[in-house]
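Have a look at these structures, which come just after this line.
Across the two complexes that follow, subunit A remains constant while its partner is subunit B and subsequently subunit C.
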Partner chain A sequence: MAKMFGEKALELIRELHRSSEGTLPPYNDDTLRQVLEEMRALYEENQKDVGATVAGEQGLFAGVQFRHASLERNKRCLLAYLYNRIQRIRTMRWEFGIALPKDIKENLSEQEVLWFNKYSKGLGDYMKSIGDAGLDLTQDMQPPKSLYIEVRCLVDVGEFETEDGTIILLKKNSQHFLRRSQCEHLIRQGILEHIV
Partner chain B sequence: MSSTSSAYTRYASTAENYFNIEDILTTHEKIPSKVEQPILRLGFMDTSSDNKDIQPGTKLDLPFWLSSSLCTRRRRIISIDIPKFYKDTDREILRADANVVDLHKHGPFYYAFGTKLLHFDNPEVRDVAESLLQTYSSRFRKIMDSSQNAYNEDTTHLTSKLDESERSVFKAGQCGLNDFQSWQKRQTLKIKMSDMVANHKKRKRQEMEKDNN
Partner chain C sequence: MADENEHEEYDSDEEVEMTAADVLLKLEEAWLNEKFAPELLESKSDLVECMLEQIQQMEENLTRCKKGDFRIIIHRMELDRIKYIITSYLRIRLSKIEKFVHHNLEKELNREDSESSKLSNEEFVYAKQYADNLESHLKSVAIKHMPPNLQNFDKDKTAPRPNLESYIFLKVTEDQEGVMVEEETDEHENEIINLEKGAQHIMRYKPISKLVENGSVSLI
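Up next is the complex of A and B:
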């Protein structure tokens, strides 16, 4: 059996592969640091060999190539880990809205939270700039069939103010006839239920 | 959005699938290799010998990402041998009846890894490619059939023998079937909770039930 470089880095990838699209495992800073440590050690060994080759020693190429392939592999795994996490966080902005659930937010690193906020801001700025008054792209995920819809409240939320100022009390099991644009968000979040 | 299809369209890992998780897992599969040139100062990799260097002739099982860069047209630091599941004995079995073989057991990425083998100059490689194609086409009909006719039931017994790319095809078929059924039942008019939110709530409920017990 051979020992192999790149095993720790693969653990990160496996972690992501195991978790499903709608979740994120906690940011694995520990394993990341270990991989970076391994990369540093490999790099230093290669520097030594290159120095020795320049000084005239032969036959070191195979080892250098071996370590180089391992370095590239670790790099690929780390980058893919970070990239795929960001992709999922981006999808979450469209699914959960601006406020991420607390237990998901706990699993993000500081930089990832920063990225999420920047992305939300960028998205918001873009949406405001469309047309005269802006356009909410996260609404109307399917073509709407009617302007007003009947909804039933699933959770006690309390008072909800509509666009034209009327205040509606959202108690569990209460039914309302609301404008689609007002409540689509709440339906997608599971607070209201659309009745057809 | 990750797609399994990109894991087997190229036999080298290109810029297109650099970040693809499935491709990274596929390229980790092992290939039996034999060392041709001494690899100095890396003897500790081979736990069966005490040598400081890896001597020529040592047999190691190296992952694809390593063996593909150590065995190219320009330099042959190692030489490779086709892994067992792609050799002639297993190809015979597939030729006899491809539908009974458990391809998930033969490495979950059977087809993707098989296409990666084309990277090497081994003479058997062409036969491997033909066998992959034949196997895929003879198994495909059953997959398509079962994915289009299994509605609202447990499909584990149908997918247990499929490798990952076949499973993603099956899943696509199921999505199509479910979309069609929901259109027929006029469920498409209803705005629904987003899937992610629904799964999240389900998980939270399960955790709270666990905490209460």
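Up next is the complex of A and C:
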């Protein structure tokens, strides 16, 4: 079966394209290595042909051009794959906070985790530098509709102290009427559920 | 409105040329402009800082109030709304800075001293750090392992750039005469239009980008 150059690289792109926006498929190290291997092989063929042309052989130029185009295509697909994964991981910092859920973290490569931590740190430094006391930009992500909201607790958490000092017992299925700004991050983590 | 009470209480504290209500209006305008403009606009960090100070003062005052006072609820809602506008404004800027990071840094490095910067100092630091992080990731994971002649990472060619030709809605805040609008098609030459105060239009962003900058139109 005739193989086309750039097929493996396209597989990576398809994998991302098929997965839905908020999800991240596991880091496909295998396919990535195969693409790099293909690039290495193409390059070596080209080196051979260039050497032969210098030595006087004719008619090799088309082949060299063709392989070079495949090399560029592979490079473009790889960079697009990596860049788009980074975009999704970036969104997760805003959705989940500094600590990623375990099942999502499993899908990241080591370097992507490293990128995520550096991104988190950069973001944290920036937020601290706003105004006098810093400003947490990951709060107040929705326009406020009301001051207090009705929430139901989904998990047993125990005691929770509100802003004005009152202590609330967060037991599973208990309902509370709390300040929206205090519940926001608990709702995002899945501990509380907003009752509409 | 709650705003009037606020500015009576805090205006005397500092030598402000605008009342707190004015600052908030300007901030809202900056927020909407930033939201609808395809490129990063000038940083209004002085408005943000001023508003943050106001919020701090308001919160302090509220803690001193008698608990159960009805007005506390109204004021807290107001504070929540203002905090939302501020955080949304800064978030929109951050996402544009990240999306067009190379373009923005390039503009910043090439600008003349007379032009003002689109990035605040803190945003510049953030943009640099983000660009470095991204570049070192791509280089160490992929580019380093590629054949030698492909290892150049030409950011100028591959960087995403904002689409200045996108269409936006605008409202005219000050009369403008003789605005030059180039037609997309080759048939018409540059067309000159007059913008009347209060009128609303839909057009490409590029011809009116300067007008957004100086405040004669605002995006809606």
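We take it that the second predicted complex is superposed on the first by the 178 of 196 C-alpha atoms of A that agree within 3 Å, B and C clash if a C-alpha of one lies under 4 Å from a C-alpha of the other, contacts with A are read in each partner's own complex, and residues count from 1 in each chain.
In this text, contacts are C-beta pairs under 8 Å (C-beta built on N, C-alpha and C of every residue); 3 or more make two chains touch, one makes a residue touch a chain.
Since the structure is predicted, the reported quantities are computational estimates derived from the model, not experimental observations.
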### Task
Check the residue A:A69 against both partner chains and state whether it touches subunit B (first), subunit C (second), both, or neither.
first
### Message
Looking at A:V155, would you say it contacts subunit B, subunit C, both, or neither? Reply first, second, both or neither.
### Response
neither
### Message
Looking at A:L137 after the superposition, I want to know if it touches subunit B, subunit C, both of them or none. Which is it: first, second, both, neither?
### Response
second
### Message
In the overlaid three-chain picture, which partner chain does A:L79 touch, first (subunit B) or second (subunit C), both, or neither?
### Response
both
### Query
For A:S181, is the partner it touches subunit B (first), subunit C (second), both, or none of the two (neither)?
second
### Query
Is A:G59 in contact with subunit B, with subunit C, with both, or with neither (first, second, both, neither)?
first
### Message
A:Y119 in the overlay: touching subunit B, subunit C, both, or neither? Say first, second, both or neither.
### Response
second
### Query
Shared contact residues on subunit A for subunit B and subunit C?
72, 79, 83, 141-142, 180
### Task
Would you tell me which residues of subunit A are touching subunit C in their complex?
32, 36, 39-40, 42-43, 71-72, 75, 78-79, 82-83, 86, 90, 109, 111-112, 114-115, 118-119, 122-123, 125-126, 129-133, 135-137, 139-144, 146-147, 164, 180-181
### Summary
Within the complex, subunit A is touched by subunit B residues 1-2, 18-22, 24-25, 28, 37-42, 44-48, 60-63, 65-66, 69-70, 75, 77, 186, 188-201, 203-204
### Query
Which part of subunit C faces subunit A closely enough to touch in the complex?
48-49, 52-53, 56, 67, 73, 76-77, 80-81, 83-84, 86-88, 90-91, 94, 98, 122-123, 125-126, 129-130, 133-134, 137-138, 140-143, 145-150, 158
### Summary
Listed in rising order, the residues of subunit A that touch subunit B in the complex are 1-4, 6, 10, 13-14, 16-17, 20-23, 45, 49, 59-63, 65-70, 72-73, 76-77, 79-80, 83-84, 87, 91-92, 95-96, 101, 103-104, 141-142, 145, 149, 180, 184, 187-190, 194, 196
